[in-house]
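For clarity, chains are labelled A, B, C and D in written order, and residue numbers in each chain start from 1.
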Amino acid sequence: MREKIRVGIVGASGYGGLELIRILLQHPLVTIHSLYSSTKEGESISALHPSLQGLVPLTVQSLEHVGRELDILFISAPHGHSMPVAQRAVCNNPTIKIVDLGADFRLPKKLFEETYGVHHEAPELLDKSVYGSPELFRREITNSSIVASPGCFAHAIALAIAPLTGIPGVSPSLFVSGVTGSTGSGATPQQKTHHPERNESLFAYSPLAHRHVPEIEHAVEHFGRALKVHFVPHSGPFSRGIYATIFAHFTGDYQQIEKAFAEFSEQNLFVRIRPSPPRIQDVRGSNFVDISVAAKEGTAVVMVTVDNLVKGAAGNAIQCMNLMLGVPEETGLLMAPFAP
Amino acid sequence: MREKIRVGIVGASGYGGLELIRILLQHPLVTIHSLYSSTKEGESISALHPSLQGLVPLTVQSLEHVGRELDILFISAPHGHSMPVAQRAVCNNPTIKIVDLGADFRLPKKLFEETYGVHHEAPELLDKSVYGSPELFRREITNSSIVASPGCFAHAIALAIAPLTGIPGVSPSLFVSGVTGSTGSGATPQQKTHHPERNESLFAYSPLAHRHVPEIEHAVEHFGRALKVHFVPHSGPFSRGIYATIFAHFTGDYQQIEKAFAEFSEQNLFVRIRPSPPRIQDVRGSNFVDISVAAKEGTAVVMVTVDNLVKGAAGNAIQCMNLMLGVPEETGLLMAPFAP
Amino acid sequence: MREKIRVGIVGASGYGGLELIRILLQHPLVTIHSLYSSTKEGESISALHPSLQGLVPLTVQSLEHVGRELDILFISAPHGHSMPVAQRAVCNNPTIKIVDLGADFRLPKKLFEETYGVHHEAPELLDKSVYGSPELFRREITNSSIVASPGCFAHAIALAIAPLTGIPGVSPSLFVSGVTGSTGSGATPQQKTHHPERNESLFAYSPLAHRHVPEIEHAVEHFGRALKVHFVPHSGPFSRGIYATIFAHFTGDYQQIEKAFAEFSEQNLFVRIRPSPPRIQDVRGSNFVDISVAAKEGTAVVMVTVDNLVKGAAGNAIQCMNLMLGVPEETGLLMAPFAP
Amino acid sequence: MREKIRVGIVGASGYGGLELIRILLQHPLVTIHSLYSSTKEGESISALHPSLQGLVPLTVQSLEHVGRELDILFISAPHGHSMPVAQRAVCNNPTIKIVDLGADFRLPKKLFEETYGVHHEAPELLDKSVYGSPELFRREITNSSIVASPGCFAHAIALAIAPLTGIPGVSPSLFVSGVTGSTGSGATPQQKTHHPERNESLFAYSPLAHRHVPEIEHAVEHFGRALKVHFVPHSGPFSRGIYATIFAHFTGDYQQIEKAFAEFSEQNLFVRIRPSPPRIQDVRGSNFVDISVAAKEGTAVVMVTVDNLVKGAAGNAIQCMNLMLGVPEETGLLMAPFAP
């Protein structure tokens, strides 16, 4: 009998950490070995996340020995905080594999520092890291020891754009409107996630200036060709999910678009092409990426939806883990969406 | 003392009818004289709308004598149903003024028939009708006896686009993503407004093919210059409100955009220009149109929000009434938004 | 022409303050003269509450001169904070009238100090204060210069219980389950109002130990006879509204219950008796108290709903103001509920 | 290698059917063999439930051959509709085991007919059926070929009451307030689940007259001793979950209550005793029953929450299946709650 993969999670007290635990509990090849938090050391995980009572009898550890006795470490931390953790983990356990759910290993050094205004202190790891989109960079992930799982908006949009890159007649300038649920802002209460302010409302933020844009453009260029993304994100009154609607001038043959997306879906188990516009409800809680396309009068539209905590974070990170450890990519990830 | 304006409402059992009543109860110059419904004759209005118990001691009448003893009639009915009602009202009362909240009098005959697939049976009234956007056609409304209050998505988008029409460097092709609340689908239960399907979800519909597009393009062209609108509407998990985000290629001077919107707001009391992206919550229950603009790297964005039942329907219709009857435009309409 | 009543509001940056402003803007006899905040001095009110842009051109003042040039002052502050403000206001303006929306003037000194664990530092004002339930203590409010508007849960429950006090066969021990919206927790983000934790959830808190119980029991005893209340409050996933369901052993004649509530409604314009269980939606945004009763097999049930920010706070406080200043009780308060 | 258990589902187009599929897809010993519907014959299940696209390549069949080639059949149908289906299934396959999620096999014949106003046409099956609460009747279920999974409200309340039955000092008359999510009303749109009417509202229905009361009283009496339940159900503005709060006069020793619930939890894996009031969020999507107790001044309170579609329907039905087929009770059911 195969030994279980020993997994550790940094940031166990956050929503990314909780979602990793929720999904990994169903993974047949994994044992959750260690949970870490820089602030909640010594607390039981079910005190931090009451939903886990009776399921995970672990106590959160400090980061001192992070990485020891593990096969793989997930890091779910705010940008700038993953770098030192990854370094310490590698120091404690040189053969460890790492999947970071934050921004620290997603961009080239210069672009990262410009975008986040933070000095990158682990360039030696950054040089080895791969952008963790299995649909775009499967081969690279498979051979990597450190992978940067994409941002939720970035990944949804990149996956909806990538099949367009090879199609003649698609303009190189795209307009994107996206809506995200409140879990995307994390577990710490703040004004924009205060229930009376978020509920029954909707609002744009950072119009044309979201931090995920460099990530999208970099990933898509690396995958195919350079496209310019003009993005307006919005906060929506729901807990989970991302919906993005992408517009492009299009003067080509619509059947080529349909064909490109059909092929993309055939090559990628978690990409589902929909006959009508996708719904957040139909991907919620699952690792699916639902996409639908339309075109009319010189314009093409791609609509895409993911669960921001699953394909937009924890599920995708586990998909990367599967690739890195040589187990079937979909292992533990084919749960049905949580609908209704 | 001035005599009260006698108002009648057709479609009193729907949400448009209820919202007219809600707002008109605060209008100092109005008395709600008659309520009509083609299906609910003989029922008390507070049995149909329990919120009105104790406020409106009226019973719903059939349409037979519609218009009698009234100064003005509001018609809130599905497209195709307003035409015969308006004809009968004029027949019963030749000097009556009419504000229709439906689609029947918004478009030229041919465009209406193409868009809605219905023969227009009241062309004599259509010829006299005016598109009821006070911000775009104030003078025309003032002198009209029949006004077609715009569609909710159409009006929000038209008001956000109109100030762009005179600005050099704005491309004539616009991309629009919009989200609407569930009350926009009316009071009759259906699949897309079934709570377990609507709640916690979001989905596009009719991508690039919404019926309001001809209305927007026609209104904006009539106001300024021809612009092409590529529109994807979405259904959102909230009861009230419309949010639209409009993208345009833009090669001009951003200050001209800011100036155009500032002037538009100065000329129109209900248009508020926001320093940051507007929120549905800040217009809910009010007649305000909140707008914010941004531009970067050759792209301009306009974000707009209205309450679909107020500025998108009943409130705007009452604003038209005020103009048609020569009372100050904002009378009875300066209620504060319902926030939080 | 009558001069307007000059109103001041302490706590203008909170939800109670905002709701006072929202309702008072529709009050025909009032001018909002001064807004105060202990923390937001110098900020414009529409920067604090964007919904008010264009409606209230006032800047928030410090508390130094609180009360000057006013006829009446509303205080919306956490318990323990109203006492010194009320004292200063009376010092600055000895003839001022005060309506406090907090807990400081609702209970006798000893009971207040036991319940809130705070020393009462303004006993001279407490001695003069009246419990601001117009339905229970109309006459006393009319003659008072300082009134304590009830807590939202307390008032809803007290109004549902009061008519029972005179009916034979009602047990003196009542069981109450209540649900409140998130605005009841105020404008400051916290864990229990964090959108991902509040949305789509429901949970009890402080079972059998809510601070409003002494207030309910004291008010009901003062009104009629002593009843014991066993109360479990719950937090619900909606912004506004309170729903309380009250159970009593009942061995009497059900018609007496119906009669008592019918009379209570006849004597109190804002109390509506419903033929079927009330709905939060039908009172939202209004000053109504909707009540329905049922009985079976030795048990009577009273169901009651209010908007926690209106009849549960700002609307009721304005109703008290009307009584205190000798204007008709319902002035400015007959707005229709915000439904749907 | 063990052969998979072949499962069939009647009512596959409803929410109960969908939830059975969602959970069974994770069950390691099961294969979903046949899906049936009386109205959707010939449609693919993923056309009916878009969330299942790519997961379940089955087409819905008519009921003609229901039961053939199956080990076990789940029936999720409105009351009165399960009886003939069960009869036909037994006729088609005499050794089949059946779990009915509806009301038809929950009550003795006479009580069923009084409660539902329907003649029971399958008394021969009713005589063999067992009330499907594993926590209350585990042994009986294990040996049964036909099991009636309890109603969602009924089961939540019965599980919260059962431990009380042996405790001295608990009054035999209980008061229960419950709140349910909208999925409890099924997949067919109706007025009370119309999004604008359900969202942001809350309302009681059938006060003291809910159909689950006979079921609760019968189950609890059968388990322990007769208790009278006075129940007011409410509809809440969320999709999933049931919350019930139970009041009892209590003159005994509180430690006995704590002990009884602790033991109940020790004997039943899915019952979790909480240190503070449970939250719907912490059971959503899971098979857990979360319970908390409190007592004060002669009153005891039990608070309980379940997911109405899981422990209140599909999850519990699968738990019964596990028992009936001799596999570990928790197989395929230990998924973590879907939080946040």
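As a convention for this text, contacts are C-beta pairs under 8 Å (C-beta built on N, C-alpha and C of every residue); 3 or more make two chains touch, one makes a residue touch a chain.
Everything numeric here is computed off the predicted structure, so don't read it as measured data.
**Q** Going by the touch criterion stated earlier, list every chain that contacts chain C and also contacts chain D.
**A** A, B
**Q** Does B-D or A-B have the larger number of C-beta pairs in contact?
**A** Ranking B-D and A-B by C-beta contacts puts A-B first.
**Q** State, to the nearest whole Å, the distance from the C-alpha centre of chain B to the C-alpha centre of chain C.
**A** 35
**Q** Please tell me the distance, in whole Å, between the geometric centres of chain B and chain D computed from their C-alpha atoms.
**A** Each chain's C-alpha centroid was found; their separation is 46 Å.
**Q** Could you state the distance in Å from the CA-based centre of chain A to that of chain B?
**A** Computed from C-alpha means, the inter-chain centre distance equals 40 Å.
**Q** Would you mind listing the residues of chain B that make contact with two or more other chains?
**A** Chain B, residues with two or more chain partners: 15, 183, 187, 196, 199-200, 237-240, 279, 281, 340.
**Q** Hey, which residues of chain C end up touching chain B in the complex?
**A** 15, 18, 21-22, 25-26, 49-55, 183, 187, 199-200, 239-240, 269, 272, 274, 279, 281-283, 285-286, 288, 290, 334-340
**Q** Contact residues on chain B for chain A in the complex?
**A** Residue positions touching the partner: 173, 175, 177, 179, 196-197, 199-205, 207-209, 228, 230, 232, 234, 236-241, 243, 245, 247, 249, 277-281, 284, 292, 294-299, 301, 303, 305, 340.
**Q** Looking at the complex, which residues from chain A come into contact with chain C?
**A** Touching chain C from chain A are residues 15, 181-183, 187-191, 193-196, 198-200, 237-239.
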